[in-house]
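Take a look at these structures.
The following pair of complexes shares a single chain, chain A, combined with chain B in the former and chain C in the latter.
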Partner chain A sequence: MLLNDCDPGFKHQVAAEPGGQGIKACFACAACTARCPVAGHVEGYDPRRLIRLVLLGRREEVLASPLIWLCSTCYSCQEVCPQQVSFTEVLTAIKNIAARAGYGPPATEAVIDQLAAHGRLLEVGEFENQRRTDLGLPEVAEAPAHFQKVLGVEPAGGKS
Partner chain B sequence: MAVKTIKTPAVIIGGGVAGLAAAIDLSRRGLSSLVVERGPRLGGRVADFCCKATDSCVRCGACRLADLVRRVAARPEIAIYTSAKPVAAEADGDGWRLTLEPQRNNGPAPVVELAGGPLPRRSQVQAGAVILAVGATPFDPSAKSRFGYRRVPGVVSALELEGALEHSLAELAGGRDPRRVAFIQCVGSRDESLGHLYCSRVCCGFALRMARVIQARRPGTEITFFHMDVQTYGRAWAGELAEMREQMNFVRAMPGEVTAGPGGPQVVYAAGGRSQTAEFDLVVLSQGMRPPVGAAALSQLFACTRTSDGFLGSDAEPVASGAAGVFIAGSARGPMSIVESIEHGAVAAAAAAGHLQPLVREAAHA
Partner chain C sequence: MPEVSLIWIEEAGLEGLDPAKAAKKAGVALSDGGLVEAAVVTTTEARAPRSLVNRLKGYPVKWLDLAAEVGGGPLALRQARAAAAVARAAGSAALGTMAQRYTRQPNQEVLVAGRGLAAVAAAHQAAALGHPVLLALETTRARAACADEKPAEVKRALAGLPAQVEVVTGTELVELLGAGGDFQARLQGPRRTSRRRFGAVVLAPPSAYAVPGDMPATAEDITLPVSRLKPKQYQGGEQWLQAAVIAPLGPGATAHGFARAVTAALALQKRPRVQVTLFLGEAKVASEGGERLYRDARRQGVLAMRVEPGGLRVSRDGRKLSFDDPVLGEPVDLRPDLVVLSEEVTGRAPAWLDNPLVTTAWDQDLPDHPRLQAGRTARSGLYLIGGARGAAPGDPRRAQAAAAAADLHGLLSGEAVAVPAVRDVLCASCLTCVRVCPHGVVCYAEDHIAPAPAACLACGVCTAECPAEAIAPPGWSNREMIASLAAGLKAAAGDKLVLFACRNSGMDAARALSLAGHQWPKGLLMVPVNCAGRVGVQLILRALSLGAGGVLVAGCHQGNCRSLNGNLRAKLRSGEAADLLAQVGGRPEQVRFMHLASNQPRALAQAVAELAQTAGEK
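For the complex of A and B:
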């Protein structure tokens, strides 16, 4: 990897994203990694290293990494960090950037498509409404417009 | 009862190395001074430090105190009151008028007896200049509760280790012979969550010298040094560090927590990107320095400013206090080593002498 291949603006982009503000204060002390339950089980999942990669500007490597989606949001790292980096929040910022750049994990992308198309995680059709009627429940109609707006996707269900 | 008034060109609050160095520098400039020390003896924190030499001198600075005390004793222009502290102060013309109150000290008897002695009664001092040399306060490691201080047996502060170094380490380790010793650096320093962004400057050297003493006395003792980076200021450590890296385990990671284990304190830390746990007999927390506990009261008493880190003085100038005729010396101004505090004391004295010069000249012409 050459220095030329690094994107020095990446850390600023992360810092500008809600939740990412603290990233540049990191000392690389590894208290977060020591306390992280995921780091204890998943080879390669190392909060200190992920932060360093961002600060070095290794944009593609971070955004394309499957590791960034493994955080359990337990906030242990945030609790022990002397520099108030708030790694859990930083990772949320990174995931938002990754999703916008089309690096969302396939499973999450599928969920997004489902929400955009149906406004729910499960399709509601005639069969489901018949079951509801049998159980004395009111019928439901699919209302995906709201989700399409929130997700910023076209009504067709594809990603914008 | 008539209150006694002592007149002196300069009054120095605090009889640590910085205050003593300031008094010596003033006397070399022909100016008398009065040193006011709250405790029963001179020397401040350094009076508790032992020599850390192994086979050769390691320049810890502890011996500099004896030298200062000898020079102070040889200079009759320096008056000393121990067991005294200022309780009131007001600007008085170009100088200051202070009220000193005797302090009751139940601590150990003075190690060095000097001319002066304890302040007998409440007194007034009229001085042309004031030097505040009240020192810094060590960080209390129990404020970082995850490191187990006062909670996990076998976890001690660096100052407690220093106190035991000349005696028995087994007592600190709860009776165990400490064969596995860990140091955790930057406890209370470089920590935004505490509002202490600064490096305390002395703790890396302090810990490494003590680690050397332990290894020299008990060869084979395993030392693990948990740190972010090694900050050894102002001395040629490069060669020594290379040697220490051979003899000790340097881990570039701050532990996540310290818990009680069956055989001693257990340290959870990251290595190779994974969380690990290691057991030790003794875990030493390298506490840093905090602003002096009396900083708020003193800054109010003398109308002086505080640095952005909360110490006495200003960020912009080394010894100025923001108040005319008041100067800051030594670690009251920010983290400093013994040698730096001595040099800083001399700088404060030079500034005080500059302030006193017109007053002294006026007095001579009067």
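For the complex of A and C:
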């Protein structure tokens, strides 16, 4: 890796985001990683490593990483940090930046696709409406246009 | 021969012993402390009543730590050992010479040579302690500051010097002979050379900042030392400006050097679109404000990169740094637009200080020796302070100067110290004593051996090494020691053993055993020495020829000797004596050496028991 190719501004951007102020104070002691319950269950999840990637300025790698969405917000890291990095808050800041840049947690992205396509979390087709009729319930229609407007996304191949 | 009296002081460890019996067996008269010619007192000078100490001043007195030498066990055994110890002490008291005959008053004047805050502070402190001081500045008053100091601060300090400090400028110290209490200095002034005598000499050679040798060599056009960095000249454009600041990486790194590197990194990082990567070996944050400074730098955005020694590599063209990120463990490259190398304070000791006749056995690496703190050198009375000892500018230099001044004051104002007596008729001027003296006391001047008056610790290394028996601190000549050995061994009973024990370790261990009631072998004669280095081949062989079945020499542990290497000399000489024994058909195991600390009495007890067994085998 060539350090010149990284983005030194990334850490300043995270620090400027509400909650991200403490990021630069980190001196890599790894108290957060040692305490983190998620790190013990998910291979590759390592708060100290995530902080380091931000400090080095490896923007895309951080924002695109599925790992940043795994935090359980238990605040253990924040409690043990000797430099008041407040990593739980920092991660919220990172997630906000990631979301604005068009990245989201993979599961949420699937949900958004579903809402944009169908206006609901479940696709409603003829089978479902037949069942409702049998039970004496009114039929429902898919109305995704409203969600598409709210989510600001184009219809993703759903029925219009 | 003077008549020797025994002055018996009752104290713990002597219970039940009969002073009259001990005196009779040792052949001395029992005294109540009245008028004496020579005396043995059964306690140490420190524990004796003040009135007695004052009354005995000027007499040949042997202070005998009898409680330590008697030990525990049956009364008859303790009585026998008491008699032997008293007899030994009486032997040396009878031969003992009054200390005054060998005493010279130390010169009280102090020479401070060099420049900078350390020199001025040392002159000030020595004057405050009452010594006349000559401050010899190499330069003019206006240029007295070292390259790493603020001229105004040094000027202020110079202006505040008291009247009894004589300041000469443009004057260098070019030659120095002698030791504590009597130095002969040659000073080269702008017009003439002068010779003067001083009691103590403080050297404060000029200091400067320099890039340590372990810094990587990067391309010249992008590399700067910290002292030449002007942060305001730098800012990035569309591309970030990448700066690498390299803090001292090697084992010689100091908190001061680290703080200067971090300060530079912080100033650069504050510039627009500049990214600083700070390379460091260890975060040296022990200095005042160091921790806060390091945190401020990180908060500003400085990227701290800890590298192992040798972990920072430079490409052949000097424009690419390669290292491993300490957190990710991945190889990282950086092509810096600017490399800032941090500096440490260094000072060069003057070349003439390398002269072995000036520095004696002092290896230039020795300043870290625990005995050589507070600016002390191996030559007693000679101090080396300031940048030459790695002291940072400012208050650390003042503190070091004050420590040196306090030390020299103690040396010069102490009671007149006995100096080694040289018998010129025997001396062949072979200079062995000059070479071996670990304190630089013995000097050769004006065609004869001239010991300095205030520097001797009476370690006796010179006496042990002198081939002509021509030099000895008062009371420690071969003649005196052999007489005391002879008397003690004559009074001892059973298998006779001799333990030469250093007062700084072996004697303390022996005393601890004795007071705990340890049962020493009946025929053991303890001979305390100021340093195991006093015990030479001749003394060991004489002990054997006087009837000892075994000799044990107990010296301090390696690197712990108050006389730098007296313990190692003793080890060497014990080995030589054992070899000689083997050559003449004797048993080399009769002579032994051991390293010992005060808190290892059990090791001593075991060694003495083993020696007793060897002696008993015959």
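We adopt the following convention: the second predicted complex is superposed on the first by the 107 of 160 C-alpha atoms of A that agree within 3 Å, B and C clash if a C-alpha of one lies under 4 Å from a C-alpha of the other, contacts with A are read in each partner's own complex, and residues count from 1 in each chain.
Just so we're on the same page, a contact is a pair of C-beta atoms (placed from the backbone, for glycine too) under 8 Å apart; a residue touches a chain by one contact, two chains touch by 3 or more.
Keep in mind it's a predicted model, so treat the numbers as computed, not measured.
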Superposition on chain A - do chain B and chain C clash or fit: clash
Partner chain in contact with A:80 - chain B first, chain C second, else both or neither: first
Contacts of A:35 with chain B and chain C, given as first, second, both or neither: first
First (chain B), second (chain C), both or neither touched by A:26: second
Partner chain(s) touched by A:3 [first = chain B, second = chain C, both, neither]: second
Which of chain B and chain C A:95 touches, first, second, both or neither: neither
Chain B versus chain C as contact partner of A:48, first or second or both or neither: both
Which of chain B and chain C A:59 touches, first, second, both or neither: neither
Region of chain B that runs into chain C when the structures are aligned on their shared chain, from 8-16, 26-34, 134-142 or 188-196: 26-34
Doubly contacted chain A residues - partners chain C and chain B: 25, 27-28, 48-49, 83
Chain C - residues contacting chain A, complex: 240, 242, 273, 275, 277, 283, 294-295, 298-301, 303-304, 325-328, 330-335
List of chain A residues in touch with chain C within their complex: 1-4, 8-9, 11-12, 24-28, 48-49, 52-53, 55-57, 83
Sites on chain B touched by chain A in the complex: 146, 186, 190-194, 228, 252-257, 268-270, 273-276
Chain B partner contacts - residues on chain A that touch it in the complex: 25, 27-36, 39-40, 43-46, 48-49, 76, 80-84
